[in-house]
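The block underneath contains the structure these notes are about, expressed in structure tokens.
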Amino acid sequence: MKVTPQLARMMSTNATTVGFIGLGQMGNRMATNLMNKGHKLNVYDVSSDAANAMKAKGAQVFSNTRELAKASEFVVTMLPNNDIVTQTYEDMIKDGVNKNTMFVDSSTVDPNVSKHVQKIVSAAGASFVDAPVSGGVMGAQNATLTFMVGGTTDEYNRVKGFLEGMGKRITHCGTYGMGEAAKICNNMMLAISMVGTAETMNLAVRLGLDPKVFNEIINSSTGRSWASEINNPVPGLNPTAPPSDNYNGGFSTALITKDLGLASSVATMSNSPIPLGALSHHIYRLMLSKGLGNKDFSVIYDFIKNDSSK
Amino acid sequence: MKVTPQLARMMSTNATTVGFIGLGQMGNRMATNLMNKGHKLNVYDVSSDAANAMKAKGAQVFSNTRELAKASEFVVTMLPNNDIVTQTYEDMIKDGVNKNTMFVDSSTVDPNVSKHVQKIVSAAGASFVDAPVSGGVMGAQNATLTFMVGGTTDEYNRVKGFLEGMGKRITHCGTYGMGEAAKICNNMMLAISMVGTAETMNLAVRLGLDPKVFNEIINSSTGRSWASEINNPVPGLNPTAPPSDNYNGGFSTALITKDLGLASSVATMSNSPIPLGALSHHIYRLMLSKGLGNKDFSVIYDFIKNDSSK
Amino acid sequence: MKVTPQLARMMSTNATTVGFIGLGQMGNRMATNLMNKGHKLNVYDVSSDAANAMKAKGAQVFSNTRELAKASEFVVTMLPNNDIVTQTYEDMIKDGVNKNTMFVDSSTVDPNVSKHVQKIVSAAGASFVDAPVSGGVMGAQNATLTFMVGGTTDEYNRVKGFLEGMGKRITHCGTYGMGEAAKICNNMMLAISMVGTAETMNLAVRLGLDPKVFNEIINSSTGRSWASEINNPVPGLNPTAPPSDNYNGGFSTALITKDLGLASSVATMSNSPIPLGALSHHIYRLMLSKGLGNKDFSVIYDFIKNDSSK
Amino acid sequence: MKVTPQLARMMSTNATTVGFIGLGQMGNRMATNLMNKGHKLNVYDVSSDAANAMKAKGAQVFSNTRELAKASEFVVTMLPNNDIVTQTYEDMIKDGVNKNTMFVDSSTVDPNVSKHVQKIVSAAGASFVDAPVSGGVMGAQNATLTFMVGGTTDEYNRVKGFLEGMGKRITHCGTYGMGEAAKICNNMMLAISMVGTAETMNLAVRLGLDPKVFNEIINSSTGRSWASEINNPVPGLNPTAPPSDNYNGGFSTALITKDLGLASSVATMSNSPIPLGALSHHIYRLMLSKGLGNKDFSVIYDFIKNDSSK
């Protein structure tokens, strides 16, 4: 017997009705996983094609977010930037909300946006947590995302099981906005590690070291990091990672640059010096301007190494 | 029965005569370990106090390096900089060498210095490898240093067992100079990781994250590195590490700055862009100028965080 | 015969009624100059003390900006940041505006704020230009400010004579927001020049050059800039500049840091790499965190030079 | 009557015999100017083609520098790097020198090289000054170079008139090595100004400013520098400068990168933090690795601006 979404929903004691807003590369995969777990899906996207693709899988398409929210127990938003998140929430709740609805924003945005949205959702009578993700398109596809949740302990407990339908690690980072803060800080450090690893590997190679030998040394020493161990930017060292596939797939330069832009912004607002973070930001921005936005962010190695012609 | 050095020497089939030049913080501990392993020690230092301290432990003091070298099967040099290493070797071999002597330079210097010294030692008829160390004063004390060896496979095999008297990991990095190259590259990456971790932790704290919670997140995510896991610069996160002891002990700002100076120099000579390495270099140089040279290099966190008065 | 403001106003064919919002260090001096030129002043400030100080000079105090605007031919705003400018304009015009009123924002804010404010003022039927200033408190005091105006040519011509009551150079930079863009870009370059000059002078001195001799060389060569010629950060080289008065007065570290924050923000939004600008930003942010916010921004020289104790 | 070099020499009371070592792009033009001023030229170059080209103009070619030096009243060296300068002088004087000979090194090298060479020349009984130049190939061609002289006041006075045969500004910078120090520091600041101007102009353009309008603003304000006024990196703003000729001619990226390498080296040795200098260094090094070494260093603008395809 095939377990259809409908059947799974009936079989599950936790199955519920979920509104999903933002059905892009990440969102459509996350929403599909929720359906596969037995939830009933209400969906909205500015692109009718994106919405209809989910309709074909059994979701109900809404033409505005206000009605979608009123008809849903959970609402997940997965949107591209600060302004769109703010506008979406301001519009969605302006006619009032169902007080039982839990809103979850998985977009990557400024923590202050999360704090603002939480306030207006709370003032309207419902609940909100920020819960940005890491793990990329593959994590979304395979329901192995990490969620970084900002909210009260009660709210965290309320969303934890639900989010496990889309991810495998659900972390409580603190109060509202702290999920976003954790994601932005982690990704800033990731960018620094990647740029640093790329320039270190390039220097090592140019000094005459064998990259494989040097990588073993650094990985068993104090220079090791996720970037050197798991996604080493030198092609061939991690055979299944993007650098070994011409920097395709993975975490794009465009996305790390976006996250670094958020890091710069919150550093300015909190008066926090981030010299290496800011420099990494502008190195990636330079790479964007050179047309490398779609490549895995480890392409920094290829960008800084000497051309063969030199 | 107490195992005296003399007894250990008699008991060991590998015990030999070792010349040791440079008996500073590192050198005197390394030489002591060699004696404890049963080797006969011939020592030289520009400071007669340093030499006499080893004499009290049973070493024979020489007043010049030429005679010391001729009387030793292995010669280890542990000296402060490029010029002193070059001059010491040029002087030591100018009257000729014992062809069976293996010279080992454990100083941290430019790989080109190692290549030059190898050439002149080789021309004189003896053998040379570079074998800089990591692990610091504690590693020297406890014979747990890592040695990064540059030389042929035969030479590596010849020194491996001997170096195990002073360390626990003996790595073959490649040909002459590659031990130095590996150390300099690893330490440049280490500095980048530490500065990056410090600014990331500071940003996280200023955004409202609990440092302990955020550290757990980063350490199980893509932002992790040796600096975040083992020597996190926020006091209290690694209770036995220098940041939890007011940045005392550990790896000094002065020493990482020296290594970053070498990295800058070899990057210039090899035409390798090291933007984050160079910036980390000058951040540490600024800290040196502020009197922080003797503190553990994780003191960067304290340096960049806001004063309580702000 | 003493020329009182009233008399000056009667004597002047161009005297008019001016609303002034924001009477801080800059604003109160600018408003005073306008009164001295014969204009009738309507004033508003969140601080009643600031407003009353202008009342004592002959200005009329308003308790809200809506009535002030309706009673004024020109309205000048001189406010601290993006949010306050936006909120002030949104509030000021919400009951409608006098169509003949020309609004002039002299605050330093994001050009996108200017564009937004221009749109809402224009939609309400009145006119708006952005016109941030350079020249500091002394320029405000002496009516020698430079105004950088963003608006149409007609609008520029309409405000030019009026602004000459507060400054001596009135520049037309382009359309709405371009006054702000010009100011932010100029000040980013200024910060880069100042940090660069400070590290260059420090290096020169440490290499053994006499700072006076080297300054003459650089100023007649390719290394010259406003920072080296007019406000050289080495004390004594420009005897009447802030570096020669213990870095008091001048353009504060806090203000250049604010401008660099705006530069970072607009660079992010426009995808423009600013590696040196971003690094200068975070060097100044570090200096802020060290309590140097009130010193002239040339204090960077003092910050990076070696302590005498080293 | 045509004034041949021979005739000019006879006519000049100051005409003398000059040895010239290093007849590259700069050296051959400088030597030619000296001949045109009436001096008798003795020349040496590792390239016999370069030497023979000068022979065709009337110079006497020497096959080694020792004899050349003994036959010359002044000896000028114009060589590519530290090692070649050191080796050339060590070799040239090892058989003794004519005590009246004044050696002038116009190469761009580390001030410590100058100090070392001065010591060995002085020990041999002759005199030495360092006198690096700015002004490039055009300055060499037209005898309009600037010379930065390191030596005693007497030595400066002795070489001043002679150097005026190749340049128009002869500056006394201080003692031995200070000519080099001044040049390196000036050029570091120049690089910072150029990178800063490039990123500022690019940001301005992307924010919507007209580059011509913004350039006028910055040049009459605090953001001005030699780079913005004389060699603005935006094509068209200085019609006769390299940026307006596809970045051809001018001061090459390869040469500024070499100078920045020297700045990094002396900053390390003197413990001087140069954050912007070091970052500019590695930005130029990145550009070298991208094949831009032969372009004018203002090509940084082209390098960082967005591709039209974005």
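First chain written, first letter: the chains are A, B, C and D, and each begins at residue 1.
Throughout what follows, contacts are C-beta pairs under 8 Å (C-beta built on N, C-alpha and C of every residue); 3 or more make two chains touch, one makes a residue touch a chain.
Quantities reported herein were computed from a predicted structural model and do not represent experimental measurements.
Novice: Using mean Cα positions as chain centres, tell me which chain lies farthest from chain D.
Specialist: If we average the C-alpha coordinates per chain, A ends up farthest from chain D.
Novice: Comparing B-D against A-D, which pair counts more contacting C-beta pairs?
Specialist: Answer to which pair has more contacts is B-D.
Novice: CA centre of chain A versus CA centre of chain D: separation in Å?
Specialist: Distance between chain centres: 52 Å.
Novice: Distance-wise, how many Å sit between the C-alpha centres of chain B and chain D, to the nearest whole number?
Specialist: About 39 Å, centre to centre.
Novice: Do you know which chain B residues sit against two or more other chains?
Specialist: Within chain B, the residues that touch at least two other chains are 267, 271-275, 279, 283, 286, 288-289, 304, 306, 310.
Novice: Can you tell me which positions in chain C touch chain A when the two form their complex?
Specialist: Listed in rising order, the residues are 261, 264-265, 267-268, 271-275, 278-279, 281-283, 285-286, 288-289.
Novice: Which chain D residues qualify as touching chain A in the complex?
Specialist: 275, 279, 286, 288-291, 293, 304-307, 309-310
Novice: Sort out for me which residues of chain C touch chain D in the complex.
Specialist: These residues of chain C touch chain D: 111, 134, 146, 148, 169, 171-175, 177-178, 181-182, 184-190, 192-193, 195-197, 199-200, 202-204, 206-210, 213-214, 217-218, 220-228, 230, 263, 266-267, 270-277, 279-280, 283, 304, 306, 310.
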